[in-house]
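Which chain is which? They are A, B, C, D and E, in the order written, and residues in each are numbered from 1.
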Amino acid sequence: MSNWEPKIIAFLCNWCSYGAADLAGVSRMQYPPNFRVIRVPCTGRINPKFILSALRHGADGVWVSGCHPGDCHYIEGNLYARRKFALLKNLLEHTGIEPKRLHFSWISSAEATKFADVAREVIRTVKEAGPARHFIKKQAEVA
Amino acid sequence: MDSLEGEAGNFTAKLKSEPRFIDPLRCTGCGDCAKVCPVTCVSEHNCGLDRRAATYIRYAQAVPLVFAIDPEICIGCGLCEKVCLAEAVKYDDQPRYTDLKVGSVILATGNEVFNPSDFDTYNYARLPNVITSMEFERILSASGPYRGHLMRPYDREEPKKVAWLQCVGSRDTHHCDNPYCSGVCCMYAIKEAVIAKEHSHSGMEAAIFYMDMRTHGKDFEAYYDKAKEEGVRFVRSRVHSVESVGDGDLEITYADENGQMQQEIFNLVILSVGFQVGQEGMELAKMLGVDLNENRFVKTDSFTPVATSREGIYVCGAFQGPKDIPQSVMEASAAASASSLLLSDVRWTEAKVKEKPTERNIIGERPRIGVFVCQCGINIGGVVNIPEVREYARTLPYVVYVEDNLYTCSQDTQVKMAQVIKEQGINRVVVAACTPRTHEPLFQETMSSAELNKYLFEMANIRNQDSWVHSGDPTQATEKAKDLVRMAISKVALLEPLKESELGVTRKAMVVGGGVAGMVAAKDLADQGYPVFLVEKSSRLGGQARKLFQTWRGENIPAYAESLAKEIESHPNVKLFLNSELKHVDGFVGNFKSTIQNGGEPELVEHGITIIATGGKEFLPEEYSYKKHPRIVTHQELDQRFAEKDPSLKGINNAVFIQCVGSREPDRPYCSRVCCTHSVESALELKKINPESDVYVLYRDMRTYGERELIYQEARRKGVIFIRYSLANKPQVELLDGKVQVTVFDPILQRPIRMQPDLVTLATAILPNESDALSQFFKVPVNAEGFFIEAHAKLRPVDFATDGVFLCGLAHYPKAIDESIAQARAAAARAATLLARDSIFFSGMVAFTRTMDCSSCGVCVSICPYNAPRFIETGRDAGKAEINPALCKGCGLCVASCRSGAIGLRGFDDSQIFAMIDSV
Amino acid sequence: MQAYTERIREAAKRLLSDEKVDVVIGFRKGTIPFMNEPYLAKTPEQVDQLVWDGNCGVNLANYLPRRTDRIAVVAKGCDSRNIVEHIVENQIKREQLHILGAPCKGMMDKRRINAELKGREPSSVEETGSEIKIKGQDLDLTLSRSEFLQENCAICIHRNPVIYDDLVGDLVEEQKDVDRYADVRKVEAMSSEDKWQYFDDLISTCIRCYACRNACPACYCPTCFVDESRPQWVGKTIDPTDTRTFHFLRAYHLAGRCTDCGACERSCPVGIKVRQFTKKLEKDVKELFDYEAGINPDMRPALDFHRPDDPQGFIK
Amino acid sequence: MSEIYISKEKFPEVVGQLMSHGRVYGPVFQGQYHEFARLDKPEDIDLSFQNTRLSPKDFFHPHSERMFTYSLAKDDPERCILKEAPKDYSTKVVLGIRPCDAKAFQLDDRNFDTETIKDPWWVQRRKSTILVGLACNSPCSTCFCTSMDTGPFDASGLDVLMVDVGDGYVARSVTEKGRECISSIKGVQTVPAQAAEKEGQLKKTAEESMGKVLDMKPIYEKKTLELFHDPLWEEVHFSCINCGTCTFACPTCWCFDIQDEVQGDSGDRLRLWDSCMFPLFTFHGSGHNPRSQKIQRVRQRFMHKLKYYPEKYGNGPACVGCGRCVKACPVNIDIRHVARLMSTSCSCPA
Amino acid sequence: MRNPYLPYPVRIESIVTETEDRNLKTFKFVFLNKEDEEAFEYIPGQFAELSVPGQGEIPIGIASSPTEKGFIKFTVNKVGRVSSYMHNMEEGDIMGVRGPMGNWYPWETLEGKNIVIIGGGFAFTTLRSSIAYMLHPGNRSRFGKIDVVYGARMPGLLLYKEELAAWEQRDDIGMHITVDSTDDPNWKYNVGFVPAVTKEKAPSAENSYAIICGPPIMIKFTLPVLTELGFPPERIISSLEMRMKCGIGICGRCNLGTEYVCKDGPVFTLEELSQLPNEY
C-alpha cells in the first residue's frame, strides 16, 4: 500500500469553485492529481445520492465545493445545500464513514490559491484516512 | 474617444484603440509568453503591491481572457513570439481608429481614488504600513498580491491590530478640495474590518475612526450592528496624526469623545480614501461640452438625474456624483432607458439577425461520439501523453472517431471539426482541452455549424485542471486526462438534444403604484411606445411627492409631481386605473394576466412585465408627544406649511429637529436614509424665513451623504446647531403648561440642555406600503420590514429573482427623489429589454417533472428562488408539480431536493451525473 | 382507557350522524394480544367497533394521504405531528380533517412483553393506569406499564396532540427531562470503525421487505429511490452495501420530517432498530437548526428552508 | 421405514454425528427469536421453540441469489454470454423444522418443480436437503395448520419426523432419504413402547388444542369472480399498509424478481424475493398497472392463497396455517379473519 | 433439462428503424449455436424474453414466422431500461433470447376458418408473424378468407411498411390499412379509427375468427363492432400484455386468477377472459 494514491471525487460548482480550479491552472499552481472533477451548475444540484454513489464506487474521499454564502449564482442554492450537507456529513460519519473522507468548502472563482490549498488539504487528509474500506459496492454478497 | 461631433440622435464618435501586440483572436490565454518575459514592472491592478511581466492580463476576470504586451516596458527580446505556438504575438501592431455613428452617448467613466500622499500628518507616502483602503482590498483579495492572506506590506507579518481612518479626501477642504462625502467609505471600511477579522488567524482587533457612521443603504445598518457585535471598535474621532513607532508599527493620536487626546499603537493603518473626478474626467467633459458642477461631477438635476447639459449625452455612476454600486447600477440602467427613449424610433434597425442553423434529428440514433483531444501547443501536450489519451478514447463505448489537434480551438480546426462531424455521422462530441467556462460556446458554435444540437457536447478539462496543475507528474496527469475523457464520454452518450423554447411576449407593461417612481417608469415605457397599465390605489397620482416641499437642491417637488401626473393622464399609451387594486394575477414573464378591481366590474388585462412601485409612507410615532401638541410635527407636516407659505413660520424663533424617530431602533433597525438631509434642508429653510431663529438638530449620525454634505456644511455655517445624542440617551419631549420642552444630553458639554422650542420636527422613519398581496401575486419576496427584496442587492437592484417583475422607489427602500427617479428609469430599462422583443427564448437546460413520480410534497415549489415549479391545478395530474421552463434557470436545486426522484434536469440529469461517477 | 373509547365512539357517532365527516379512522380490537387494527368506520353502527387502549401504536396519519373525503381521525401526539407534516406537504387538507386528539401515555411494546412471556400465551390482558395484568395458562403476570412502553414512547416529549378539533381525553403532562438521545450519543462516542460495525450488525438481518418504509407516514413517494430505474443505482438484494444504502437514504429522506413515531421499528418483521438512523438526524436537526418536525403547520420541513446563520463550521 | 429413539442426553451427540457428514441447520435462539441457522456446534440448536420468526423457505429459495454471471469486457470472447453461477449442492440436513413449514415446501413444489418447467436451483436444493422435522406438541394460539390440510404431526412434507416425548425424541423416517439418514446414525435405541404411546397422546392433545377453526370448503365452492367482486375486500384492505411483511414471512409466498447488476466489466443476474403487495410488482413499462390499488393487491394475495391456488392444483390452500403473518402483520390483518369472511360473507347475487 | 432461465446467445444481424418517431426498431437475431435455433421452435403468437446482460430481460412477441428460417425477429418499442439500451446497440452485438414462451394463436382450431386480424399501433408484431405464417405457400390453403385491419396514428407510425405494401398487392388477403389522420396528399389507404374501419369493411362473422391486438382503447371500441358483426366471445382472440419476469410461470408476477399469463397465455379468447379477474 506504500504507493497507494487516493481517488477523490470533487463536485464543483460551475460558477465559483470550478472557475477557481481553472484559475489555479492559469496561475500554474501545483497540487496532486488525486481528484476527478464533476462540474455541477450549483451545489444545490448535488443530490446526497451522488455522494453515496461516489462512496459506493470506492471513492476514498468526496469533496464538494461551492460559492460563499450570499454569492450563489442562483441566489440561495448553496444555503439549502449547506443544510443538506450538514446533516448528510453527520449521518455518514455517525454510521461509520471517517470524517477525513468528506470535505466541503466555499471557494469563489477568484480564490485560486484557496482552491489549491484546499485541494492539497483534502488530498492530504484523505490520505491519512487510508484506502476506503466501507460502503463500497462490490459483487453482491448473496447466495 | 478623440472627439464627438454632431447632435443627439446623430453623433459621430472618433475612437482610437491602442495596439495590444498580441492578437486577441489567436491568443489562447495559456500564459507561456508571460512565463518567459524577462522584464517586470509593478502591477497597477494590485496597487503596486506586486509585479507583473510586460506580457500580461490586467486581472484574472478580464474578458476576453487574453494577453497584451505593455509597450512601455517591453524590450522587444522576441522570447514571447518564439514560445507562442498560436502565433498570436504581433510586434508591429498599430493603433486602430474607428468612426462610430451613434445616437447617444453614456458617460460611465467612473472616478479616481483620492491619493493621500499629500496628507502629511498621516504619512502615507513615507510609511509602508499606512495604506489606502484600495490597497487593502487587493491584500484581502484571493487573486491579490498576497493571495488573500492578511499581511502588512512592510514585513509580510499578519497585523494584530488595524485602524481605519475615515473621510480621507472626503468632507475635507483643508487637505483637498473635496467638501462632499464619498458615500461609500463607511460601509467598505466596516466590510474590510469584518473580512479582515475573518481572514485573521489571531483574532485581529479592528478600530474605525470616524466622524459620522454613514450606513444609510439597504441592510447596511444591520451590517454595522453586526460588526459591532463581532467586536469591530468604532471610535468617533478625526485622527490627528499617524507616526511610526517600533518596527513598522504606528501610533495614532486622536481626541476621544470627551475631547481627551489619546495615543494608541496599531500594526497597520488604512486610510479610507474617497472619490474625486480626475484630470482625465475633466478633460473628457470639456471635450464633450458637458458641464461639471462645483465639485467637478457632471452636472445633473434631481428630476433628470442622468441627463447632462448636452442633449443626447447621459451619465451614470461615480462620474455623476459619489455613490455605491447599487446606485451606480441603477443609474446605468436609467441612462440606458434615457438613451433608448431618444432612440426608440430606430430600435432594431442596426440589429443583425443570427441565422438559425438547421439541425439534424438524431433521435433514435445510437450514440456516435467524436472525441477531439487538444494539445494546446505544449500546454497540454507537453505534460499529458496525448497519443495515449487519444488511443484510449478510441476504446470507449460509442466512440467512433478520435483525433488530436495542435489547437482544437483554432479557426482551421473548427472548420475541419464541423466537416468531420458531418462526414462521420457523429452525433455527440467531446473536446478534451481547456475549460468549458471559456470555450464551450465556441465549440457549441461549431456543433451548430455541423448541424448538431449544441447541447450534445461535453468538455474534458485536461488543461486548466490537469496539465497546468500537474506539470511535474506527466504519468498521473495522463491517467487523469484519460479519466476525465472517459467521464465526459459517459455523460455525452446520455445527452439528448435540447430545445430552446420560444415564448411570445405581450408587449405591454403594468406599473403598480402611481407615485413618482411609478409615473416615471410608466412614462419611460409609454414614451418608448409600449402600452402601460398604471394601477393606483388612491384617487390621484403623485403619492408622497405631493406632500413634500423641495429637494435639497431647492427644486419644487409637488410641481414636478403635478406636471408628471398631467403627462401621464394625457398620455395615449397609458391606461390609468385610479382607486384600483390588483385582485388576482396569473401567468409569468411575458404573459401575465391580471385582474384589476376598480369599484365596478373587475377588468382583466394582459401584460408582459410588471413594475412594482407601491411606494412608502411617513411613520407616525407615538413617542415625543407627537399629536399631543400642535407644535410637534413631522417632516411632511412641516413641508406642508412651507408649501403653503404658512405665515406663522416667520414667528418661529426656536426650532428643534429630532432625527431617527422610529429608525435605527431595535424594532425598526434600518436607517431611513433621507431624514438627515431633509432636516438640514428644512433647517436652512427656517433660517431663510427667519435668519435670527435658533435651530437645533438632534442627531445620532449626520448622514448627509454625497454632495448633500454641502448643505450640512452650509447649515453649520449659518448657525444651525447640531447636537448628537445616543440611542441610550434619547431626547425628552415634555409638555409643560402648554409649552413644549425638549431635553437633550450634550456630549460635548457633558450635561443636559433644555430648550422650549416653538417647533419640534420629528424626522420619522419611512415605512413601506402594504406588500403581502403583491408578494403573493408575483411570488416576489419581502423582507422583515416589508420592503421588497431585489434579486441581488448590488448587481440586480431593480430586478426580482422572478423574471419579468421589477421594482423601484420606496417599495425597495427609503430614498431621495432623484434616486427614486433613477431607479424607476432603471426598472423601465430592464422591463424594456423584454418588451422590445416579440418573443423570448429559454435555455434548454431546465428542470422538468415526471408527474407520475411526483408526490405533491411541494418541496420544489417552496424552495425555488425563481418560482418555476408550481402545482398543476386541474386534470389528471392536479396537485402534482410542474416546472415552467420560462422561469427555470436550471440550477437543479429542486432536482436534488426532490425525494421522489420526480424532477430531472436537462443537461445535468441524475443519469448523466451517475454515469460520470460510475466512470471515475 | 375505557373513557377514551367511549368518547371516541361518542364523537365518531356524532360526526357521522351530523354528516360532518364521511368516515372515522380509529382502531378496532385486535385478533391477537397486544394488537389492534386500524379501522375505518363509515356508519354510526360501525362506530361501536372503535376502541382505545395501549395497543394503538399504529400511526393513523399513514391512512390519510390521497384521500378525498372528509375524515375524522383519532390522533395521538405522534399521529398529530404526522398529520401536520401531511398538511404541510400537501398530502391532505386541514379542512378535510376532524382530528380527535388522544393525549397519550405511550403505547405498549408488544415485542418486549412477548419476550417477557417466554412463549406463554395470554388469554386476557387488562390495562390499568400504570399496570398491565396478563393472565393465561400458567400465567399471571403484572407488568409496570412504564417499563414496557415502545422505546420511542418512553422518551416522547409530545404526548399531547399538537393539533386537534376535539379531545377524547384530558391533556396529559408532557415528559420533561427525558434524555431523548442517550443512545445516539453512545454511538457518537464510538470510533468510526465501531460505528460502522454497529450499523452493520444492526441491519444484518434485514430482508429488504421495506416494511419500515411502508409503515412510515412520511414515506409516501410514488416511486421510492430504491425502485428508481433512471438509472438504477441501488441494488435490491440483501447485499450489505445495498441494504445500508437503502437504510441510509431512507433515513436521510426523513431528515427534518421524522417525528419519531416508531412506526418503522414496530413494523420491522426482524426487529431492526431502524430509529438509530433517524434519531441521529432528529437530534442534529434540533441542535443545528432548532427545528422539530410536525409541530407547526405553517412551517416547511427543515431542509426546505434555510437561515443566514445556519452552522457551517464543517465547510472550509 | 425406520424409526429410532434418541434420548435428550444423547441428542447433542447425534447432532454431532450429522454434522460430521455435512452441513446441519437448526433453530437457534437469536436474542428474542428463533431463526434457522447453520450449526457451528451441536449445542447451538434449541428445539424449545414454537416457530421461527421467518419461514425457512430461504433454504430453497434464498432472498437473493445469483443465477448467472457474465463478462462485459470488450475483449472477452465470451462477452455477454451468461454462465450459471456455481452453487454448493452438497447434502444438508435441516433439523427441527416444523411439519407446517415442510408441508409448505410441498405446496411450493407445484410452482418450482413441474413436468414441463423445473426451477433448477429449487429442484437441486430440494434434492440435496434432508428435512428432519419436529412435531408440534404445543402449537401457538396463532397456529391453524389443522384447518389448512396439515397438522402439528403431519409428516407429509418431511423426510424424518421427530416427536419430543419428554425425555427423548422418537424419529421416524418418511422417505427413503430419511431412512438413510436415520440408518446412518449410530448408537441409538429402538423406540420404547411407552414412547410410542406418549407420541399418540401428544398428537391428539396438540390437534385438539387447535381444533378446526376454519372451514375452507365454502371458499372452494364459490365462484372465483364472485369472491373477487365481494365487498369484503373493502373492509379487509383498509388497514393494510402494503408493507409486504406477510409475504416475506410466509413459507408459501414464492414470488420473485430478476435483476441485473454490473460491477465494472462483470455482471450478475440475480433473483430476489418480491411481493404482490408492492405496487411496482405489476407495473408495466407502458405506465399501466393492473393492480395499482391497494385493495387489488390485498385481494390478490388472499385470493391467490385461498382460492386461485387450490382451484388450479386441486391441492388445498397455499397456506399451512403457521400463523407467521398473523404475528408479523404490523396492522393486525389476520388471514383467519379474512378466510372466515371469504367463506361466509358474500353479498353477490348467485 | 436445460436451465429455463438461461438465454440462448444470439447476435444482432440487423436493426431496422420502423417508425418515423424512431421509437420502434426491429431486431433480427441469429443464434450463435445451430442447436439453439432448432431448440427454439415457435408458433405465431408466442413471445420470448430478450435478455441484455447488464440490463435485464423484456418479454416481446415474436414478429418473425416459423416459416422464415435462419433468424428470428422482434420489434421493440423504446420504453424502459432494457429497450432503451437495445435501441443503442449495433449490428454484431451479442445478447440473449429465452423462449419461446406462452401459448399461441389456436392454429388447429383456426384451420379452415376465415380469419380477421385487427391490429393497432405497435401491437402488430405477433400479427405480422401470423400473417406471414398464413400466407406461406404451405399454409395458405389451410385457411379461408383473411382480412387485416391495421391502424396507426399516422402513416409514419405503421410497422413493416414494405411488407404491408406487398400484401396490399396480393389478392389472397384483404388488407385494410388505416391511419387516424394524415396530411399526406399521397396517402392511398383508409383514414379513420380501427373500430370505424372494421365496421365499414364489415368482414363476415360466418365461419370466422377474429384476432385482435392493440391499445386498450382500440380494443374497447372494436369489441362492440365485432359483436355487432356477429362474432361470439369464443371466436374473438386477443393477446394480453402483462409485466413479466421469468416468463415460465414461476415468479408469480403475471398471475391472473388461476392463470399465469406468461405460461397459460398470453393468448386468450374473449370468453376465457370473461372468466378471469379483470386485472390486466
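Keep in mind that, in the parts below, a residue touches a chain if its C-beta (ideal position, glycine included) is under 8 Å from a C-beta of that chain, and two chains touch if they have at least 3 such contacts.
Treat the numbers as computed from the prediction; the structure is a model and nothing was measured.
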item	value
Fewest touching-chain hops separating chain B from chain E	1
Furthest chain, CA centroid comparison against chain E	B
Identity of the most central chain, Cα criterion	A
Distance between the centres, which are taken as Cα means, of chain B and chain A, whole angstrom	31
Interchain centroid distance [CA atoms averaged], chain B/chain D, Å	72
Distance from chain C to chain B - Cα centre to Cα centre, in angstrom	50
Residue list for chain D, restricted to those that touch at least two other chains	63-64, 257, 259, 261, 270, 272
For chain C, residues that touch 2 or more chains besides their own	223, 225, 230-233, 235, 237-239, 303
Residues of chain E whose C-beta touches two or more other chains	80
Chain E to chain D touching residues, read off their complex	1, 3-7, 9, 32, 51-58, 79-80, 83, 93-96, 216, 241-243, 245-246, 248-255, 257-258, 263, 275-277, 279-280
Of all residues in chain B, those that touch chain A in their complex	29, 31, 35, 60-61, 65, 141-143, 147-148, 434-438, 461, 463-466, 468-473, 476-477, 479-480, 483-484, 487, 791-792, 801, 845, 863, 865-866, 889-893, 895-897, 905, 908, 910, 913-914, 916-918, 920
Chain C residues touching chain A - in the complex, by the definition given at the top	184, 187-188, 192-200, 225, 233, 235, 237-242, 244-245, 248-249, 251-252, 255-256, 277, 280-281, 284-285, 288-289, 302-303, 306, 308, 310-312, 314-316
Complex contact set, residues of chain E against chain B	17, 21-23, 25, 78, 87-90
Contact footprint of chain E on chain B as seen in their complex	363-367, 398
